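Here subunit A shows up in two complexes: once beside subunit B, once beside subunit C.
Up next, the complex of A and B:
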């Protein structure tokens, strides 16, 4: 073949250029930047000053940041299991084509299509005390607790979880549906003939068969939980008293409100490490099971 | 798998769950269509005596939603256009040729899939400022012009073509760009549609990046515009007005989804790989 040797490199170059400029270079920038103190609103720190791991030490001594870590931990630990169980349950209920299934699937899935900011404004209204249908519904079931979820320090985070749940459960259901539809039916039928039924059938036979989908759905749910904080902006701005601030929201706050460039680089490094740790663990666990 | 639940019980459960899921959007829609003069009251949560578009008119007069639409369309259009070109070129190279370092380069590009661009907000903000593109539409779009996900997806579909096919075409004197356009791209049509819809819904709905990289209504997209609207002092607790603004921002893409449901769902399924 007399094809010019350089052609493939030219074809790859544009993609590589953008990936380098907006992923690789920034990655290096934050790694280096996190080691320097730089605060744009303090003259002494207007220009970067080397500080070793000073930014990280400061962060882990800052009660506000520790609160953010705790919030993010709770947010992820509550939201993701809820999402997985509900998405799988809905997929079971909606797997078979029957009367109304198309409509029901649409009802579960439609929030996926909305921008998160719209979902949040809709819920802001929905959760409003006095007008909000949410409290009226809860009162119908005998709830007499605090009225204003997003203004209540111990409920605001759960208000955010509620919105994220509503927004994402249908999206994740989609992957379980696809998994269930590709199941090897003969295996399931054989297990059923052997007397497995109900929850046992689900736990022992079906879940192992859709392990790949489960790992996959867990991963996208986790990454999604980290990279979407739009509802925090609309509903709580991290409040009251920092009780609903999440890592990515805090990153924004650090850089654009506190003008702390070095600190925000350190927060970026922490977010990336958390994501990588999760992705790698998840991958290793699933690989181990494949063997 | 046959389900053990009797079908009537299942139907009732599903109907209840669907009603719960649909309630927020339905209620916001109802609230947006109330005449502003009729106050909300307990027990009177749905429609008032008549429907009214007054809230929509007020919302449109308070913020330049038409401009926000154009900005969003320009930004998303630019990302889709450029990403399709860069990704099909790269995917073609990786699927069609063996060249020194191809595996390394592919892995380097795939790194992008492991680190969401949202996390790199701060350094990318500096880069865009440095390039003088702060508060411009190209500034919003630029970081997304190269995509590991798009490259990966297109390469997968290109690999489905038998290798000899490209070789045969080359022997027939076909140039590489003719090969790409007439042989490779047409076979990847389904992937391209899914890809376009997944880029569309991701960037149409994206908020944080456009928020930090814009500061004026002239370039602000719908999502950032809506959030600004909710924070305007004179809006206060005018829920009808807020709901109308939300509907203005939300409904067009939502209707498009209802019409092209199947294609959208395929797009969403493929976007999960990200």
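Up next, the complex of A and C:
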């Protein structure tokens, strides 16, 4: 009779413990917490009271939360495609070995190393009405301004998208660049010999070959879009009139300013579900193609 | 014999060490995001304090801004850890902090500490409004400010203008001082990215503060609606300020000092920075009100709180350290370095502050503004109410709602948010 093998379990035990302590346990607490009304700054709700799905119902009846959901939807829907297309385009441009390509790679990558707070502070001055660099640049193209980017309810969210785009595009470009540099050249050459070129070569040959990088980049771009909040604090504080408030910023307010433990747990559950749904779908669609 | 003496001496030392009073550890969390050399000053004072009080160890914790300090206190207490013993947080946060049991009352400490009661009584009444709740004392004014009007006195004189005495004069002055539709210079800038605070002097100047008590707001009062209309008039009727929401808290002081804006409504906390960079005579006054000759301002800033969950020895050491930090000479020195208005009567009367007033008469004008100041918006569930008010104020400023409709909606939603506390 063979003795049960303990070693594999011992080897995975630290990881399992880590995941259990720092992911599963908090996740369970949040799930349970989201079913209780607990608001620390209201004496009668300082201790949790079971509310079923009451927190979720309250959230979906709250115009502020609905505004935040809409803002986040627009933010993600505009930012992610922009990032993917630009990062891929830049990777194509900077992949080939030309004079000065190193400088441009560095130039595109450098915003990545800046903290988001610094990036947002730089852009606060860029976006200043009147003499801000952004408006000066637009004026060069005939714009009559001055436009108040972060004070205008229709533009504030796009101000945030601009900052997040500038900050992240170089980082995502790196993954595409690595993918392109690891492509099997013979496949690309064979396609070229068969007459494929330009967009057809990219769409039919190169993109399928870097699908795994694309899935990875899309996933981290999506998760990143939900996680960045610093530029909201620096640039708009969610305003004007809540038109640039994003989920994480709202979550922070719920938990630490309004002391609404149950409500913030419910928001966390919604964020986790959104991230999970996107990541799993993204992965499944990619695997489907693989088959 | 020698050996016996040596052993006895060693024993005395050992017993001394064993029975010596253990050091009391306290800490102070301070929001460092203030444009002044406060950290160096606090560090030096703390070192001096520990040198003269060897039984106390004080650790300074510098965090970004008021919300960071509050978050640090909340997470520590919620996580079962000890929060920083003392914390400088917004004076207006008192209701949330007390309801959540994050802070401890100071009454017993003030009663027992040498000179404690006289110390508490010496704070300016205008700044004690947010310190008491449910009949107890919860915080001490620490770095308090007020909203004032800064004006370029040289520019006004050169244009034959006098400092404005009412809304109409403020509008006309702003109009006269604007050049090239604001491209070269605006008459006035009023930062409104987080508008409730800079707006309050307009409402108070119209005759009504935006709230009455912790569960009663006056957002739909005719005076408040008129104040919203006046803000819009400054851009629409007088063309003297940028239209809509002005995201200029950080840039308006620089614009003012650089001559790109003739007047700004800002905090007294910016006084030192403005005086350092402006190359013209800076005038400071309370914000003109609607009626001729009327003035208005609003208090603001942070108070020193004692957080919950500390031993009696720590609480007493913390209160003694607070008394030391808020000694009149230090309050005067702090004001001189920052522009924050002294919060104690004894500090206002101190030779150090009087000498500074001679040097910088604008500081006296900033202090005078307190005579016209109403309290900063402070309600239960403050963040929810502030967010509602800010959102609708900005909707009115940006023209997506009329002032009346916006303030009616703000009142309705705030009443709903406050219903749980009534």
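In this section, the second predicted complex is superposed on the first by the 267 of 291 C-alpha atoms of A that agree within 3 Å, B and C clash if a C-alpha of one lies under 4 Å from a C-alpha of the other, contacts with A are read in each partner's own complex, and residues count from 1 in each chain.
Please note the rule applied: contacts are C-beta pairs under 8 Å (C-beta built on N, C-alpha and C of every residue); 3 or more make two chains touch, one makes a residue touch a chain.
Note that the structure is a prediction, hence the values are computed from the model and not measured.
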Aligned on subunit A, subunit B and subunit C: do they clash or fit?
-> clash
In the superposed model, does subunit B or subunit C contact more residues of subunit A?
-> B
With the two complexes superposed on chain A, say which partner A:148 touches: subunit B (first), subunit C (second), both, or neither.
-> second
Based on the superposed arrangement, let me know which partner A:9 touches: subunit B (first), subunit C (second), both, or neither?
-> first
Should A:124 be classified as contacting the first partner (subunit B), the second (subunit C), both, or neither?
-> both
Regarding the shared-chain residue A:97, is it in contact with subunit B (first), subunit C (second), both, or neither?
-> neither
Name the contact category of A:236: first (subunit B only), second (subunit C only), both, or neither.
-> second
Is A:253 touching the first partner subunit B, the second partner subunit C, both, or neither of them?
-> second
Identify the partner contact of A:61: answer first if only subunit B is touched, second if only subunit C is, both if each is, neither if none is.
-> neither
Given 42-50, 78-86, 114-122 or 168-176, which one is the stretch of subunit C whose C-alpha atoms run into subunit B?
-> 78-86
Report, in rising order, the residues of subunit A that make contact with subunit B in one complex and with subunit C in the other.
-> 124-125, 128, 130-131, 256
Subunit B partner, complex, touching residues on subunit A are 1, 3, 5, 7-9, 11-12, 14-19, 21-27, 29-30, 33, 90, 92-96, 98-100, 103-104, 106-119, 121-126, 128, 130-131, 133, 136, 166, 170-171, 174-175, 178, 180, 183, 185, 188, 192, 197-198, 206, 216-217, 220, 223, 226-230, 233-234, 248, 251-252, 255-256, 261, 264-265, 268, 271-272, 275-276, 279
Complex interface listing, subunit A residues touching subunit C | 39-43, 45-46, 64, 124-125, 128-131, 146, 148, 150-153, 235-242, 253, 256-259
Residue ranges of subunit C in contact with subunit A within the complex | 67, 70-71, 74, 95-96, 99-101, 182-183, 192-194, 242-248, 250-251, 260, 380-384, 387, 390-392, 394-395, 397-398, 400, 420-421
Name, in rising order, each residue of subunit B that touches subunit A in their complex.
-> 1-5, 7, 10-11, 13-15, 17-19, 21-25, 27-28, 31, 40, 42, 45, 85-87, 89-90, 92-94, 96-97, 99, 102, 105, 108-109, 111-112, 114-127, 142-148, 151, 167, 170, 176, 201, 204-205, 207-208, 211-212, 222-223, 226-227, 230, 237, 239, 242-243, 245-246, 249-250, 253-254, 257, 261, 264-265, 268-269, 272, 274
